[in-house]
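Chain lettering (A, B, C and D) follows the sequence in which the chains are written, and residue indices restart at 1 in each chain.
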């Protein structure tokens, strides 16, 4: 199966992994995996959720010790025992879950561990200046002295990337850095990566976005079920072939299709939720909003445009300063999420690590948590029924887990995301708010989930869908609300927008269009 | 998460403000309370607590806790007294030895906490029993210190602004300033905050988590034994029953000063305001002079309550989010 | 004339004895027209030092205090002396290099109490030469002055009779609960071998009595019980025949303290050491004495 | 049986080496139980007749019974503390609540000895039921107070409960004027030192509270919610859990346990000692919880573990008393044992040993 690639630029790989195996209790995460990374290339690692990508990266950077196998840098074996060892060897990594300290400032998060010094003390001034400059590269203009936790996930992701870029490294590893970034941000990131590649850095990149893979990679290693399926030059592997290799069977071509998921001729019921002048100081300018039964409403906008804030206000996660909400025509006041849940609303947060997963509880417990909370403390869902529900959704969403009693924390990122989605699907709400529900989910699963969600919608559920992946929003929404600068700035019916016009609307001007087009080449 | 944003900084400010109000009210009620010397006495009497609280701040900011400080303090006084009175060592050597032992004691606890993944609470609780127990092994009696240097340190009065302070105050203030610098301007200090914010992340960012944690507890042990040195200046004796329950005072001082017990947030200087609050409460009670033993307890609890609630309400009024 | 202002720093309220001591002082002050500044140290020496400093700052006429511990008073007493405030010690003495730092000490002598307890037992042994006398001891809080001294005094006396042997000694922290718990363990470990219990205070003895009863033995008969303090509860136990003797340690120092304080402030000479009158109360006199007990 | 994971049984036995021994060793309770067994063995070999039991006055009598009897208040306190700790909190006011509830009960039942013509007679004040209810009511009020401060005002648990820790004992002393209140009312003694079917009544009391709590965890979603709040309060709130009420509840529950424990203690010594009852009990309770394998960082908890932790502590104390360890050395011994128990629970330590052997 393995296609031999001749890399003429450098015959000796900068980094080579051979025969790497790693088991967790009950799971063989990696078996006999090999990987070669050459200087001056962008190498993409692809595979389904739970294929072992993140584990491979953690083995490579000293987080886990492999059960067997060897790691060679410059042809010499290395055995990093910790991330600091790996950094010392010139391997700089952004892990899948953002690993930064929420209590420190943005600048510190970028520089901690290698501060600029002056007379032995940390030079805060110069650190902040350098941090600002680094972020400017990615066109992010934020107060670097503010605490990291003040910023949305996407910004945190960019900070993590800046941190990795700053280390004068030879190998840069990025594990799904783009899962919560919008296209403009991705574009910026890629231009930085291209520059680094020209400087001879070896870059290992993990993503589930085919577009991105083809836009930046030189070569692709495909993983399946903890094994290396093969290594291919990017130009020699068609999209369909790539998907087939990841899945292991011939894929239904729909996974790659861009056509709408449904014909749009749906009939909508009355308004499930209406909001008037809903706003919150510093987060969202007062706006009107409504969603109908059976409607899939897409929310589009750039980073920080206020989509998450709107969703949180609708769910009562934050308290609105102004405005009112009506559910089925009756005025309601959502002071806490519980109130919204009682009104049959569900909310799948974008930040699965901090706002979603309860890491040391099992998959089953995580799945039934919201349902149990709604059912009430005293009426415990019978254990049998919990199992049945968990099993059902593990099946339906294809969650890859050793068992439903496995702690959710030991699932792969994408599978955690699916389990959290299941948490809300189980409650069978009248309205479901999905904030980046497909974050970190592989191509096929994404397709399956979107189909599933659309079906629910057809059955009468109202869905508010937020995604940074514009094509996805375009494909499935019945109606799209575009947000900019924490205001709603337009509303479009299905079909009124296409790939190019939507960007202009979102960005508020035409500048983005051209650059983003480059991404999809 | 977001709600805690600015609170520590704000809380520290509120603490200082409330402290001023409390002293003002006290001054109005009890004449003589606002004299310079009474304010200095606050520092003289609490110098050792301040030093301990400074060490404790580092531990708490890192997300840990150190229950052994009171006992380590007592052990330090005991060892110092024994070395001076029985073994007749020169005083400076004694002080150096005591400080070194404090560091070693703390560092070993830190090593156990980090390398064997034990909970700080139990390790330092065992440390607390051990240190107290070791005192009794040396002697169950209290040992009076009459070394001239110690006596001088105890009885010297440094004239200052119309009152006087003890050399212990100077040492404590220097320690505080050094610790503020350590926390703010050194990689070690920042690593402490990073570990408190998220230990896992700190590890993933490649920080020397293990070494830092050992150092944190070593530093706390150092502060505790320095507190012991100050205490033996203050009391001129070594005794196994010294400073019972001081660990709680230190923790309370740190927390009242605006540091979060869950780690990651807080200011070293907050320890000073926390210590002053506790000291002021006691001074108020002493000046009142009519409270019976139980009313003393109730009033201490009540003042703590008023203090914490006002602090909290002001912080809540400032910012409210989830 | 201006009323006399006295600053008094009490150890705490750790026992009934201490509470009676506080009440006596407060009552006497009221009766004598002395303005009393009372501070409770919650069993901590550092709190007492703080209280003394605040008394000095408030310029009281005389300071009295019951030291938590003997050592460590030089510095603050020197400050008092510099402020020309006379200091009277109550209940416990202090260990200072310069005896002029305090005027006088009123109180009991813990070592002497231990001796008296020992003497009673010696007498008993003399009267009952054939009974074996294995002693178990319930000590006070480890390291505290009464625990150390009462042990010392007792040992000093019984050491003269080789038949009297302490077979077990453990701390009961001066509390009923601990006294009972430790006695239970003693009874399991030594069983019938125990003939005498010496408790450093009445509370522990009362706890131990319960343990002895629960073990199916008769306190006061199967096991002779000696304790110190002479609180009401001890008298009740003696009336019931469960306790053999209690050595009084009088807490009623108030009136004496007030008159001495007046003398001191008036500049009259006072003796350096004033011992309070204390008795030994065996069970036989308990019923008669009970109505006279104030605490 | 771990209450925390009702599905513990459903977890597939790990494929690798599924021997019985391995299962026992890897079970979260394996280590605390092992430590207890080891301690009992030490006691058995060093203290003659340690396991000796005899029937005396129609009930069992012996060291083991003493340990259980004496551990009962601690077990109750640890039970309440477990839930508080599971929500990432801590309650250091337990000892004060013990003092307060004991005092209220003793004062209301109380009575004084009156010399009536030289014959001592005892007078009781109030029907015992009312007195006990009042004592527990006082404890519940304390719990509610803590709960409001922590859940309502968002104070940090340690300072919030510090307030009651200081003031509660003061209140108890205020009620008694600093005196020890002796109780002269037989039925009251039954709670702390009575026997039922040959076993201490306190044991039944602990068992009852334990079973009720365990059922509450199993039959309702309480256990799940408490863990969720302890592990990730933000996510728990977003999932619709009433975090504040839950936190309020655990503090009330903890205080109720402490109140009951206070009744037991004061009944056992037939008096209420406001200044000393339950002194440092909070530390022992926290220690018991941690020895039982529950992390102070919140989340997963084990009620059985805490019970075992309490037994470990009491066995240790008892052994120290019985061995004739000089009191000066008590603390050193205690610290060393606590330390060894912790080490035995550390997997890192085990790995180190294994590596040595290999």
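The rule is simple: contacts are C-beta pairs under 8 Å (C-beta built on N, C-alpha and C of every residue); 3 or more make two chains touch, one makes a residue touch a chain.
Just so we're clear, the structure is a prediction, and the values are computed from it rather than from any experiment.
The interface with the greater count of contacting C-beta pairs, when A-B is set against B-D, is B-D. Chain centres were defined as the mean of their Cα atoms; on that basis the chain farthest from subunit B turns out to be A. Remark: subunit A and subunit B have CA centroids separated by 45 Å (rounded to whole angstrom).
Once the centre of each chain is set as its mean CA position, subunit B and subunit D turn out to be 30 Å apart. If you average the Cα atoms of subunit C and of subunit D, the two centres end up 33 Å apart. Residue positions 1, 136, 140, 292-294, 296-297, 322 of subunit B each touch two or more of the other chains. Within subunit A, residues 317, 354 each touch two or more of the remaining chains. Shared interface positions of subunit C, i.e. residues touching 2 or more other chains, are given as 12-13, 19, 22, 142.
Pairs of chains meeting the touch criterion: A-B, A-D, B-C, B-D, C-D.
Residues of subunit A that touch subunit B in their complex: 63, 82-84, 86-87, 95, 99-104, 108, 112-113, 115, 121-122, 147, 149-150, 163, 317-319, 354.
Of all residues in subunit C, only 7, 10, 12-13, 19, 22, 26, 36-40, 42-47, 49-51, 53-55, 57-59, 69-72, 74-75, 78, 95, 97, 141-144, 148 touch subunit B in the complex they form. Against subunit A, in their complex, subunit B makes its touches with residues 1-2, 4-5, 181, 184-187, 190-191, 193-194, 196-198, 200-208, 264-265, 320-322. Subunit C contributes residues 12-16, 18-19, 22, 139, 142, 168-171, 173-177, 180-182, 184-186, 188-189, 203, 206-207, 210, 214-216, 233, 236, 239-240, 287, 290-291 to its touches with subunit D in the complex.
Of all the residues in subunit D, the ones that touch subunit A in their complex are 5-7, 10-12, 14-16, 218-222, 224-225, 227-228, 231-232, 234-242, 299-300.
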